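Both complexes below contain chain A, partnered by chain B and then by chain C.
And then the complex of A and B:
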């Protein structure tokens, strides 16, 4: 699945479409053209999704053939992919041919398999984050690390209630940390990110950065 | 056209003009004096190590797509991937790229193939390894863990859009004793990276890879332009505070509300 773009042509198309879409944000006359290109982009992204899933399938078939420690996981993935696809087709067939309620089996799969798995992963994440915070202090014992760790600790204690009682002093400190230094810092970072985003977008528009064709 | 639209166009043209100005009047001495970012120094180190060991780099491009606000992070990740391929052209194995977005996986494959061809490394075995590993945040993270744990991967570079699930990727890298350099534009993920990655890219640092890894003139100019605009924003914010204190802040509010 190796696609070769003709670089100059691809660059010209990318720059042209990019300029029109950008201008569409500021010039009302170009709004319809902007939406046309954006809709075309969405359709292309959907096609890319189908091809991407085929790529995922091919990669895991290849991994299964390697017969290493992880090939069992690839087998499960391929099996789940085919089963979900078949159930989806079966649901679609039932819905359109016999007027059954829409996509009941697929909904069941998501509600009783995917959702509980993702919820348990979310719970594991809380442990992972705590582990990361403690590892951070062990790995980098410098001033910023100590400040970082104690602020995390203070905000956590201020958020959790101990023995069903809130500690008023800690709650106030937590509110101050969240509303003043944390909010200010986050806004500062966001301004920097916005400037970085503008720079990246403009470099792509003028063809200096070309995330296609190498 | 609204005042907001006009202001937007003016800012974009000023930004672009400034980038061209700095490129044309560039001073190579100043380029060498760019602020040190430890994460980029570490990336160069791990590329060198990978070439020596004959191992493989893993570049994770996150799960951000092209049709959303997450696109800038994804594009920055692709830019980092491109620079890494150029820098590791003599390496036996090309980097493996993982992503949670189909469009980005296409572009990653195309970059690996295209850049390898452009720098004439056809002699090497260069199959394009740009994998779509999962479409939801958790499936992407779990799928990427398998790649991180592969024996051949000696370092991980995470550059793209992530949520809190990034903690698994950074922790897995640490457990494998492979350095993990991570950058994203999402703030909660940045906080996690700061605590758990070997070297984090904070704030807009993720967007400056071209200037630090490739030393491209336009990239260095865009870093200079960002610095200038940052100071302009600082001055405007202080001015806004003073005007508000004096009760004359309506002028800024009119601009922000888009009143023509």
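And then the complex of A and C:
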């Protein structure tokens, strides 16, 4: 049976669940019902994660079959995925069945493969940002670019703790920049985010915005 | 006179002819009585044309029909008879009671039209009219003039006195001019009521020179064809002449297009203006030329159109009027469009090599200086944190107080929600805080909304806090990963036992010593969130705050997330009660706790790295800025040269 959820049925379910969850904040009798929906949402999110992994796997299998220049990367990804999954199942079996320490093999993979790789990428980003800062005035030489350039230098100097006691005003300048202009901008962003969240929630509740389709 | 004018066609017939040679119309007889009275009005006189019926004359006057006696309706010449009587000293017929003789005389005088009509009827019947009865006596007299030559004196004697006076005046001055024709065209029969002359006659008398006698109203001429035309079957000569004039006008031989009739010229205003230009706006323009000459308030043509400007306008070219800047923009656009189909030249290979070398140079410099600082460990000891010298930097101190107030076996929930890439910074920042918790002999519980969170927690506790030899399930518990982002956090906040029933190792998490007494989120003594993402921080604050006291919530964030997280700490009331941001914050906390940890160790290499970075950016930025200036000047010089 082919059920099309892009129908008013899907919209009605989404709006009904949203209204109940929202009402659960104000009506004590609806807390249990709200929690039921939330738990169902968590299960759906976990299932969606599994579906996503399967989709990723299928996509890269197809890429391997195409035999193009990038098919080697797909092979590495598929191999890593299968290996990590097997190691995880193995660790879970040992932990759950024999009471072994927590996922030691998986922790080893994380500590010695994933963590150094991501940390190295962050270090490369630091170098790239430094290089970009040096080249910044090469392409943009106007008033705002010069102001931006010297503000970056002032914040970096204020971050230094070596001269914080000898030259305290450098730290004060950095604190002022962070807590006045940057904080003002951050508060504005937060207000905008809050308003946007309310607007999005209302649009979904009244059915104007239907990210689930229909 | 040996000729007879045909009353019908006006042709001249020799004497003795009874019928017109041209039209066959019976010619009049010559046996008119010399004593017969001259008609009171001449038919060719414009004042009172005899061929017009009386009602037509009334229409021209428009007012006097009721003043005219009813008996005179049939003959328009009756008013002339009245004038005749007045000339002879008699009372006007309409003022006096008319006697029978007078009526008969009037009938005699005015029945000539009836006879003409009867003549016409007979003519239609093809019968010949009797001689001597076909025309009125005055016409017979006119025809008789052709036969009998009379001296002017005799003619005067035959004319009535008033006509004689008019004739005398006409000798001194032309009787009828064009203007007088217009002014004196309609007679004024209303004047007859009082026995006076019509107004046109009175005016004529007034305009005539004094002492010159009466003006002849008309003078019959032998060659006058008007009378003959009246009885001609063909078109009258005057109409024929009009037709000829019309043809001339159509051909344009005699009349120029700009000429106007005299009566139109006479109607023009007399005002004239010699100045046709330079009129003010409120002045009325008076046309001097053409058909509208003399008429004010007409639209001026020549006044506003300067001939020179017209000539200049005709010389104007049709080139687009554009400024220099617009020309430049247009040429720029043209160049851009023309180069669209051209292949873009590849960048200079030398510059790519220079960039790559510069990158490697920067990387090598940073690695050398930071590595050396890590290896040496800062020499004279870790530098102090700049945060503790700031008056408002009390986030680490607030968190320190919160942890310091905890008792042994109190439970702290720690959320490991940061990316492994930032583990170096956040592990070092949080190490001092977690170390303080462990020294307080607190139970620890780890949770995360990221898939790598549980592994990060295990890595943290096994690497940074290895000295405490904490064991899973006994001293701490790893609750694993919560899916669903905000929904998972909310669910966990509402019912943590139901959302995370088992621990990371598959054991029952809530039966372990750390969580035995925990039923809800508010049962935790401290909730510490470690994150590098402001969005994650906001999610936790928003979802957790209703279910746990804000005095139990604190955060450890990276330096880059500090500006967006600090408002939650500086708000009033606060949404988080403690905040440690970056390595300086961690260093400050370690100073407060009195136990230097990773932040103290890594702060010196961080300072070295920042100093080197500042120098690189400053020097490189200045160099590139100068190069850019030089390039811009060269480009300007090239533009000027080109």
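Heads up, the rule we're going with is that the second predicted complex is superposed on the first by the 172 of 214 C-alpha atoms of A that agree within 3 Å, B and C clash if a C-alpha of one lies under 4 Å from a C-alpha of the other, contacts with A are read in each partner's own complex, and residues count from 1 in each chain.
Basically, a contact is a pair of C-beta atoms (placed from the backbone, for glycine too) under 8 Å apart; a residue touches a chain by one contact, two chains touch by 3 or more.
Nothing here was measured: the structure is a model prediction, and the numbers come from that model.
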* Partner chain(s) touched by A:157 [first = chain B, second = chain C, both, neither] -> second
* Return first, second, both or neither, reflecting whether A:110 touches chain B, chain C, both chains, or no partner chain. => second
* To do: Kindly classify A:118 by the partners it touches after superposition: chain B alone (first), chain C alone (second), both, or neither?
  => both
* To do: Quick one: classify A:8 as touching chain B (first), chain C (second), both or neither.
  => neither
* Asked: Is A:199 contacted by the first partner chain B, the second partner chain C, both or neither?
  -> first
* May I ask you to decide whether A:135 touches chain B, chain C, both, or neither, giving the answer as first, second, both or neither? => both
* If you stack the two complexes on chain A, which partner ends up touching A:16: first (chain B), second (chain C), both, or neither? -> neither
* Which partner does A:148 reach: the first (chain B), the second (chain C), both, or neither? -> first
* To do: Go through the superposed model and pick first if A:28 touches only chain B, second if only chain C, both, or neither.
  => first
* Structure fact -> Note: overlapping chain A surface for chain B and chain C spans 38, 41-42, 45, 49, 118, 121-122, 128, 131, 133, 135-136, 186, 189-190, 193
* Quick one: which bits of chain B touch chain A in the complex? Just the residue numbers, please. => 1, 5-6, 8-9, 11-12, 15-16, 19, 65-67, 72, 75-76, 78-79, 82, 85, 101-103, 105-107, 109-111, 113-118, 128, 131-133, 135-136, 138, 142, 146, 149-150, 164-165, 167-168, 170-171, 174, 185, 187, 190, 192, 194-196, 202-204, 206-208, 210, 216, 218-219, 222-223, 225-226, 229-230, 233
* For the chain A and chain C complex, residues of the former touching the latter -> 31, 35, 38-39, 41-42, 45-46, 49, 92, 95-96, 99, 101-103, 106-107, 110-111, 114-115, 118-119, 121-122, 126-128, 130-131, 133-139, 141, 146, 149, 152-153, 156-162, 164-165, 168, 171-172, 175, 178-179, 182-183, 185-187, 189-190, 193
* chain B touches which residues of chain A in the complex? -> 1-5, 7, 22, 25-28, 38, 41-42, 44-45, 48-53, 55-56, 59, 70, 73, 117-118, 121-122, 125, 128-129, 131-133, 135-136, 148, 186, 188-193, 195-204, 206, 208-209, 211-214
* In the complex with chain A, residue positions of chain C that touch it -> 355, 358-359, 362-363, 366, 383-386, 389-390, 392-393, 419-424, 452, 454-456, 458-459, 462-463, 472, 478, 482-485, 487-488, 490-491, 494-495, 498-499, 504-506, 534, 538, 559, 562-564, 566-567, 570, 584, 587, 603, 607, 610-611, 613-614, 616-625, 627-629, 632
